[in-house]
Amino acid sequence: MAKPKVGIFGLTSCAGDQLVVVNLEDELLDVVGAIDLRSFIMAASNPVEDEFDVALVEGSVVTAEDEERLREIRAKSKLLVAIGTCAVWGGIPGALNDLGRNTLYRIVYGTDEDLFKASVARPLKAVVPVDFALPGCPIEKHQFLEALASLLHGDLPIAHNTPVCLDCRFNENLCLLKAKGQLCLGPVTAGGCRARCPSHGLPCEGCHGPVEEANFASEVAILQEKGFSRERVARAIRNFAHQADLARTS
Amino acid sequence: MLMTIAPDNLKNLLDKLARDRLLVAPSMEDGVTRLKPVHSAAEIAFDYSNTATSIKDFLFPQSEDLLRFVTDGTLSIEEIKPERAQVAFGLRPCDLASVALMDKVLLGGEFSDAHYQTRRNNTLLIGLACENPADTCFCTTYGYNPGWAGAADVMLYKDGDKYLAEALTDKGRELVGGPGEGLFKPADEAAGEAVKKAYAEKDVPFGKEVDVQGIDKILDGFFYDQYWDDISKKCIGCGTCTYVCPTCHCFLLTDEARGGQGLRFRCWDSCMFANYTKMASGANPRPTKKERVRQRFMHKLNYYPNRYGGSYLCTGCGRCVAMCPVGLHIAGVIKDVKGVKAHA
Amino acid sequence: MPESPLIPLVGTIDKITSETAASDIKTFQVSFDDPAVMDNFNYQSGQCAMLSMFGVGESMISITSTPTRKGVIEFCIKKTGRVTDAIHEAVAGQKLGIRGPYGNHFPLEMMKGKNLLFIGGGFALAPLRSLINNVLDNRKEYGRIDIVYGARSPGDLCFKYELFENWTKYENTGVHVTVDRGDDKWTGPVGFVPPYLESLNPSAKDSVAITCGPPIMIKMVLQSLSKLGFADDQVVTTLEMKMQCGVGKCGRCNVGGKYVCVDGPVFTLTQLKQLPPEF
């Protein structure tokens, strides 16, 4: 079987997810050996962009160029994989979507003018169909490798559908939410990160976005019991995924 | 025959055992007492109610290799068996009781789980009766008590400045006569029995609140009750309850392969996860949290006793009571189902 | 022999037959590499086995061959997920892992001397085929036999040789095949299995109905059988659940207090009604 043609791209992004791929170190040679990497501007010049079996796209859709580029990549690719929480959920650029671009311009630049001809930050799926989503801020190296291994095997990867709490359990961490009353979003956040932050005593910020069937109602209730206001909790929940909002709770 | 052992002699014995076996004992780490491998008795904590994790980790580990395979060219399969001899010290009655419940599932029936059997054979269980049951403990609900020896090979009871000891199995007697030679002294039978009785009758306040009598029969007619819709709204699907529970044993089998060879292993799974019963066709008999929450409690309190007769699949260790972030635990469910509203 | 019941034995795929026009359903004839194991592999109709594609996983598949014909072990597999996809990519001569047989079996003793009504839909003819051939190999022990079967289209019909050339040759045996929609060559009945069954109006007297099919079809067939006067203990069916260990340990395939892998997959309607509706 011929090596799959792969392209790795970034829209409006910090390029952190692409950097994870470049920083694969031990596995980089294996990965590069298993695929036909045709376009990855961060690593090599002279990209070839005729067609792709798999396109990995980082970043959210903010400018008109982003949208055009994304549509172009989608048209040329059999599979489109969104990498990073910006691509999957909108990410931090989307945290204040509710304020609107004009208000944000005024706050940052002192003018209402649409300086960049931009929209509010949108995830890829708001613009084109996406075949698989790998969230993370940035993505976890081992999750990327597992997803790539699945794709190379001809299977669509399995999305991680358990919350960060399970990762904490594996590390036998003290529960920061229950025992320390901290604002930890672990119960509603997609895990797979091996509870990187709580394992170092930092409550989970939700940087992988919401887990499947996230029970926001319960999470908000627990946090309110611990003394956090509804507004504070809402802001925390919307930091990385502006759509994961309280409208889901009832 | 009852014996006594001085604390120093006990520590000597444990050090001796640690030399050629894996010694697993309660040990403090980051403010939490866990059951974990230790290198010497000096690392053992003696001041604890119960360990955060249970003996399950060492008889039925989180992940366990089953076989190696080579698919390059032809197919060859090689079974992997656990070999390590282990000693687990400081096990509380609730955990000792849980071992018997696990035995029924994993060793009983038409098939016997060889890996679990091997670990059971290779593991010496030393129990330690409870001096201070926690306020989340309710072993007495199920007829156990702070002095219950369960599956222990040797059971110890702290008695003032020494331990009362009883070898209950051949393995236990081998320990006392072998590595333990010279370290145990015969006890006054009457005094020893009195110590055992005092432990068996020790007060477990939470246990008095939770009455499980006849709940399996009540649950026979409870499948369609609105209660499950209501109670499952709280559940966040984190799987913590199944993780810390000494009698939860659901597992999955999975392969890891690279370049024509690899490994099949099993690891813990949880009925609380969305994909647990999802079939390749996409059909899922338990599509929402309600079905899964109901499954968990029905399994513990109705399906298990119906299938294996008599016991419930719970020993009142209280870990789920302590660890569930939303307070949705079995003691509460028992109280609710029996009509006393416990959940706020 | 391995000690753990979770360890498969090495087998070979001897022959592959495509059943459907789309080749999404294939019958695999397999054998154990160890002749002693092959000789001692005794199973009954209704039982299943775990097939391993190492590196991908395992799948519990019902045995479609009949135990009355020794030396032939067949599985009929539909391409559905990772493991079945991998099996479909296999070629004759390729190795696989096999462990089994698992589960209970169709109640032949209860069926002896009775009229038998087999009702199958689509791919679910596979477990029934084992039982039908089993019964036909001992034809005299049973009464009238009617086989009612339907699939989405003529291209989706499985085991066409048996349906149209083999089973029709037996005495006092009727084969009734319908499709949801025909094609330009199809001259037989068109329509869903449940109404087709009712139109045939089989008698419930001294009869046993055995049915396998997709959940929707089963639900409607059970209603039809009830209308036709079949009592609960005259109706037998099979359940499907996601399985991992296959030996009653991993807890996954339970329906109430029963494990489908050891207490099933065969259940009478009486037994089914005592189980919680979680299947």
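Chains here go by letter, A, B and C, matching the order in which they are written, and residues are numbered from 1 within each.
What we mean here is this: contacts are C-beta pairs under 8 Å (C-beta built on N, C-alpha and C of every residue); 3 or more make two chains touch, one makes a residue touch a chain.
This one's a predicted model, so the numbers in the text were calculated from it and none came from an experiment.
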Any idea which chain sits dead centre by C-alpha averages? B
Report which interface contains more C-beta contacts, comparing B-C against A-B. B-C
Where subunit A and subunit C are represented by their mean Cα positions, the distance between them in whole Å: 44
So, in whole Å, the Cα centroid of subunit B is separated from that of subunit C by 40
Let me have the rounded angstrom distance from the C-alpha centre of subunit A over to the C-alpha centre of subunit B, please. 38
Enumerate the residues of subunit B that touch no fewer than two other chains. none
At least two partner chains per residue is the criterion; list those residues in subunit C. 56, 82
Interface with subunit B, subunit A side, in the complex: residues 158, 161-163, 165-166, 169-170, 172, 174-175, 177-178, 186-188, 211-215, 217-219, 221-222
How about subunit C: which of its residues touch subunit B in the complex? 2-10, 52, 54-59, 80-84, 95-97, 215, 240-242, 244-245, 247-252, 254-258, 262, 276, 278-279
Footprint of subunit C on subunit B - complex, ascending: 66-67, 69, 71, 74-77, 79, 81, 105-106, 109-115, 223, 249-255, 257, 262, 264, 266, 269, 271, 276-281, 283, 285-286, 291, 295, 298-299, 302-304, 306-307
Subunit B to subunit A touching residues, read off their complex: 30-32, 34, 52-53, 62, 233-240, 243-244, 273-275, 288-289, 323, 325-326
